[in-house]
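Structures given as structure tokens follow.
You will see chain A twice below: alongside chain B first, and alongside chain C after that.
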Partner chain A sequence: MTTTSLRLRAGLVSIVLLAAFLGIWHLATRSAGPTTAMSPEYAKLMGLTATQGKSAMPGPLDVGAKLWEHLRRPFYDNGPNDKGLGIQLGYSIARVGMGYLLAVLVAIPLGFLIGMSPLLSKALDPFIQVLKPISPLAWMPLALYTIKDSSISAIFVIFICSIWPMLLNTVFGVASVRKEWINVARTLEVGTLRRAFTVILPAAAPTILTGMRISIGIAWLVIVAAEMLVGGTGIGYFVWNEWNNLSITNVIIAILLIGVVGMLLDQILARFTRMVTFPE
Partner chain B sequence: MTDKFISIEGISKRYPGASGATTTVFENLWLSMARGEFCCVIGHSGCGKTTVLNILAGLDAPSEGVVIVDGQAISGTSLDRAVIFQSHALLPWRTVLGNVAYAVSSKWRKWDRAKVKAHAQTFIDLVGLTGSEHKRPSELSGGMKQRVGIARALSITPKMMLMDEPFSALDALTRGTLQDEVRRICLETGQTAFMITHDVDEAIYLADKIFLMTNGPGAVLAEVVENPLPRDRGRTDLHRHPLYYALRNHIIDFLVTRSKTFVAETPDHDPRSVPVIHIGKPGLTIASSGDEPRQAWIPGTNPGLSA
Partner chain C sequence: MSIFDNPFDPDRSLRAGCACGQHQSAAEHEQATALRCDPVESEEKRYEGVVASAVMRAMFPQDLARRAFLKSVGASTALAALSQFFPLQTATEVFAQAGTPEKKDLKVGFIPITCATPIIMAAPLGFYSKHGLNVDVVKTAGWAVVRDKTINKEYDAAHMLAPMPLAISLGLGSNPVPFAVPAIENINGQGITLAMKHKDKRDPKDWKGMKFAIPFDYSMHNYLLRYYLAEHGIDPDTDVQLRSVPPPEMVANLRADNIDGFLAPDNICQRAIYDGVGFMHLLSKEIWDGHPCCSFAASREFITTAPNSFAALTRAIVDATAYASKAENRKQIAEAIAPANYINAPVTVLEQVLTGTYADGLGGVKTDAKRVDFDPFPWQSFAVWMLTQMKRWGQIKGDVDYKAVAEQVYLATDTRKLMTEMGLTPPTSAYKSFAVMGKTFDPAKPEDYVASFKIKKAS
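Now for the complex of A and B:
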């Protein structure tokens, strides 16, 4: 009972905070600034900020109206510079998905091997230590030069940025499986492969999933920046394109949607993590 | 010493310590057990009891010496030797049935699912967990978890059971019931058991033979105490047996004082023929001639009675 009421109260506080934020935003962007008298021709060049004193920053109502417009037609395609937000987000999610999936396919088996072999663990450690802190975008020129395809380069950048948390967490998870569970498998004369799948994998799964959750967050952070560089399609490109169009409204909408999609991706991985976590 | 089902022959365990020195946990340890015998090891922490058990299980290898089980030197673990772990070591992502079935399917790889399940169920019933098959370890109490551990160990029908303080984490009431269960199961199945314990009464109740180990490092097996109590003893009237306190005091005296001084006081201790103590029968005591009489038990003068 107390938890429900706590949840209810927390929800109320959230709504109040949102309302306050929107209210302040609205008031801050509504106020008319000073206007100067000017000839009609000159006024056309200067725009609404100078002629009517309208704030250059869009208010919540402008953003809301534009967002509604976008949500009604998420998948329109009017050529390379005018696509619906659904399409742009779709491109970004597809790139993240591909790079991320490749990283999963490499990081988890490799992490398993490293975690189970102290020799490999020690031998590969210097490489991992050097490669891990490299900003994924630093790979971009090298990727563009070698791959010669901007879209695949973006996928490569996602791959390279999401591989490290997964790899390190898999190594850690596999290496720190409770000794007694290993001993159970040993006393039952379970073979190496069966032990890996029936004891080590389930025991390390929560740690591995945590790494995957960190990775998906980083991948989603990086895709926006990568698409700004690569251009063409995707939500990152959309942000940069709308900045060039000086459409702050669209930039704000894109920021909001990037946040929502990032949250959804995180929640999906969080759910998977809960599914493989068993209390003792 | 006619039937040596298990024979530990001169094993040692040394660890490389700090700055090149080696730490010797125990050295030249000889010990044997007959088939169907229940043996308990008592000694203070650090005397290498767990190491001996791990070597018997094959989880650890001795630095020197061999262990012979049923006429064969062991190398590594075996499904013939089941281990009941102190911390039960159940796999938390498997149910009770899943944990036991994992052991069953490890022993009989070719069995189909139904056969594995039926076999596992038999042992779940045996330890009194019928109805809890589909619970996960986190939903069980400490005693129930250890019952699953026992069922898992028994389900592979081992030649011997190795138990490392299996009941030390349980409350006194649960421990008592589980001791009864283990004793009943071991007697019924004629299981050979090797158990580490800190609980003197547990050892007296369960064991046929009690191994007393001196303090480590450099621990030795000081004595083998034969349990004089009848085989059909009950846990509740154990303390009424005329030899109970003699036995108990002998063990307590050992733990309190002689475990520290034994090595210094007994320079001619032969690890290959450890004295076997028969409580209450001084004439039968196989002890070195220089030993002080330690069976001088007079009723009513026991320090142990004051407790």
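Now for the complex of A and C:
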């Protein structure tokens, strides 16, 4: 069996699964027809759910139509509270980028230091272990209260949540560079700085990048929740705004897009990881 | 006599007593009509009238002398003669502009409910720009976020629940920061909505063990629901569960059967009906007709650093409120505030709330033109009532100087001055008595009022 035919078959199964899912979804959300008799005057004041027995859950056709509508004009701007999906995603990605970049700038040098010093590694471990499992949203009130600016708070929350996997992976990667390599470097009288960049960094790079890949996933998870809370702009705000209007159709579209963007971010990091991985 | 009387009318009665003849004195007449603030045909006309009458009065301080002059030449001639040597046009313009705002680009936060109608509609209908401001109205996720963003100065002013500025000033639930309320947003306009399964359980005495949602702890909704329940012998702290739930989640929770009902701001009540998950048990108007709900609030700091911006904002809000108080404008307003940029709700729902012709969720169509109404005047007696309820339910511990707090936060005097300048008729007093479920509240005796309730939180 060749790989191409395996791929083909996997693709076919994926399509069948998708079709089955959409079909069941469509059937499950069909409208039940007029429910109870109402005076026309009253019915005019009521929504479709009440009059037509329309399911509160939108069907795949509703979602598809709405998605097409959004994709046709992704960058409209109707004022501060209503912008196109493209703009909202842009805001979210920019926030994630800022927080994530800050986290990279802090976590990797710090991880290097900790990883190269067993003493620091042991001393800082309890703090890291306590701070690591804190939910991003638990930081939010504290951040809002101390920073007093909601957009910086959101970035801070991204920063604080995406820093730990990177830090831990860097520490682990640096600490577990093979002793022989370091000893060889030492025998050749390579300086500390040069040793760090030419021996340890390439050896630890795959582990560090794995940490970065986990972090970007977390950062993207956090941004949606943070924006729902802080509001203003971003895809999280879009979800909240449509939830306000009980427009489940738009919420589903947002969920879909969040998934797609998350996947893209992950793929980018995966590509970087492959670039620095080498066979031993 | 008041500045709103037409001094060009030679037939105006000079007797003591009021213009309509139904009241003992002019003061009593004003009291009776105080709740309404009908705007005059157009803004320019109104200012022109105010300026012209001031000039006319200055020239003929004696009522009788002015009258004789008017009788002999006629009102229009008099006005024409006046404008010959006094630049009425320029004076009116100068008057209407007031001071230039220190800060033109402002951010005002709001929660997407119909209570915020004046704040929201002032943007699409141009009330802010008319007063020389460039305002971004920013939708916000919840009351706590509005509070924090206003305290943090991300917002210059905001839509808040009427008790919130009192709570913030007193430091309840946040650091104490002096806040002020120049205008009430809306009166009435809330409702108790119950899940469809309770449609035969209309007597509150049967509500023991039920779960209700309210939008925020420091809200009129909380106090009104507690009041209503307590009047029916239900202790809101022990017999039922009250939960703070953000308004949009109320409908979803009602559908999911997590709560049995809520006292919520409108468009949420009507939305539950529109989606067929609940019915209107009672309009809040039936608990207390004319109760305040939401307010327009700003920090003292903003008011002192940018007094002209603040005055212009208040003028815009008062203007918008006056416009919204007219029934014939309500449909247009519903359409203006429905898009995703503002409330983000179906137009039908907003129309039902604002016009007062609504489906009650049980198959009937009801009409109540005063379901929601708009009146900007910040009665200090409203503030005193809210403080009595905070005290009653244990939110305030210890003694509280009701009058001092009310007067510090609710800016009745400043708003009265502003409304007068705008040619509106504000009430002359900042305190009025009113009845909540038939029980009269005397703002002069808040302590006795608190003591008079059987059900309250033991402190």
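Following the convention adopted for this analysis, the second predicted complex is superposed on the first by the 276 of 280 C-alpha atoms of A that agree within 3 Å, B and C clash if a C-alpha of one lies under 4 Å from a C-alpha of the other, contacts with A are read in each partner's own complex, and residues count from 1 in each chain.
The rule is simple: a contact is a pair of C-beta atoms (placed from the backbone, for glycine too) under 8 Å apart; a residue touches a chain by one contact, two chains touch by 3 or more.
Worth saying up front: this structure is predicted, and the values here are computed from it rather than measured.
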item	value
First, second, both or neither for A:180, with chain B first and chain C second	first
If touched residues of chain A are counted for chain B and for chain C, the larger one	C
First, second, both or neither for A:254, with chain B first and chain C second	neither
First (chain B), second (chain C), both or neither touched by A:41	second
Touched partner set for A:235, first chain B, second chain C, both or neither	neither
First (chain B), second (chain C), both or neither touched by A:243	second
First (chain B), second (chain C), both or neither touched by A:198	first
First, second, both or neither for A:171, with chain B first and chain C second	neither
Chain B versus chain C as contact partner of A:190, first or second or both or neither	first
Sites on chain B touched by chain A in the complex	57-59, 77-79, 81-83, 85, 87, 89, 91-93, 102-103, 106-107, 136-138, 156
Complex interface listing, chain C residues touching chain A	112, 123, 136-141, 145, 148-149, 152-154, 248-249, 251-252, 255, 271, 273-276, 339-342, 344-346, 348, 352, 357-359, 363-365
Chain C-touching residues of chain A, taken from the complex the two chains share	35-36, 38-39, 41-42, 44-47, 49-50, 56, 78-82, 144-145, 148-150, 228-232, 240-246
Of chain A, residues touching chain B in the complex	178, 180-181, 183-184, 186-190, 198-199, 202-203, 276, 278-280
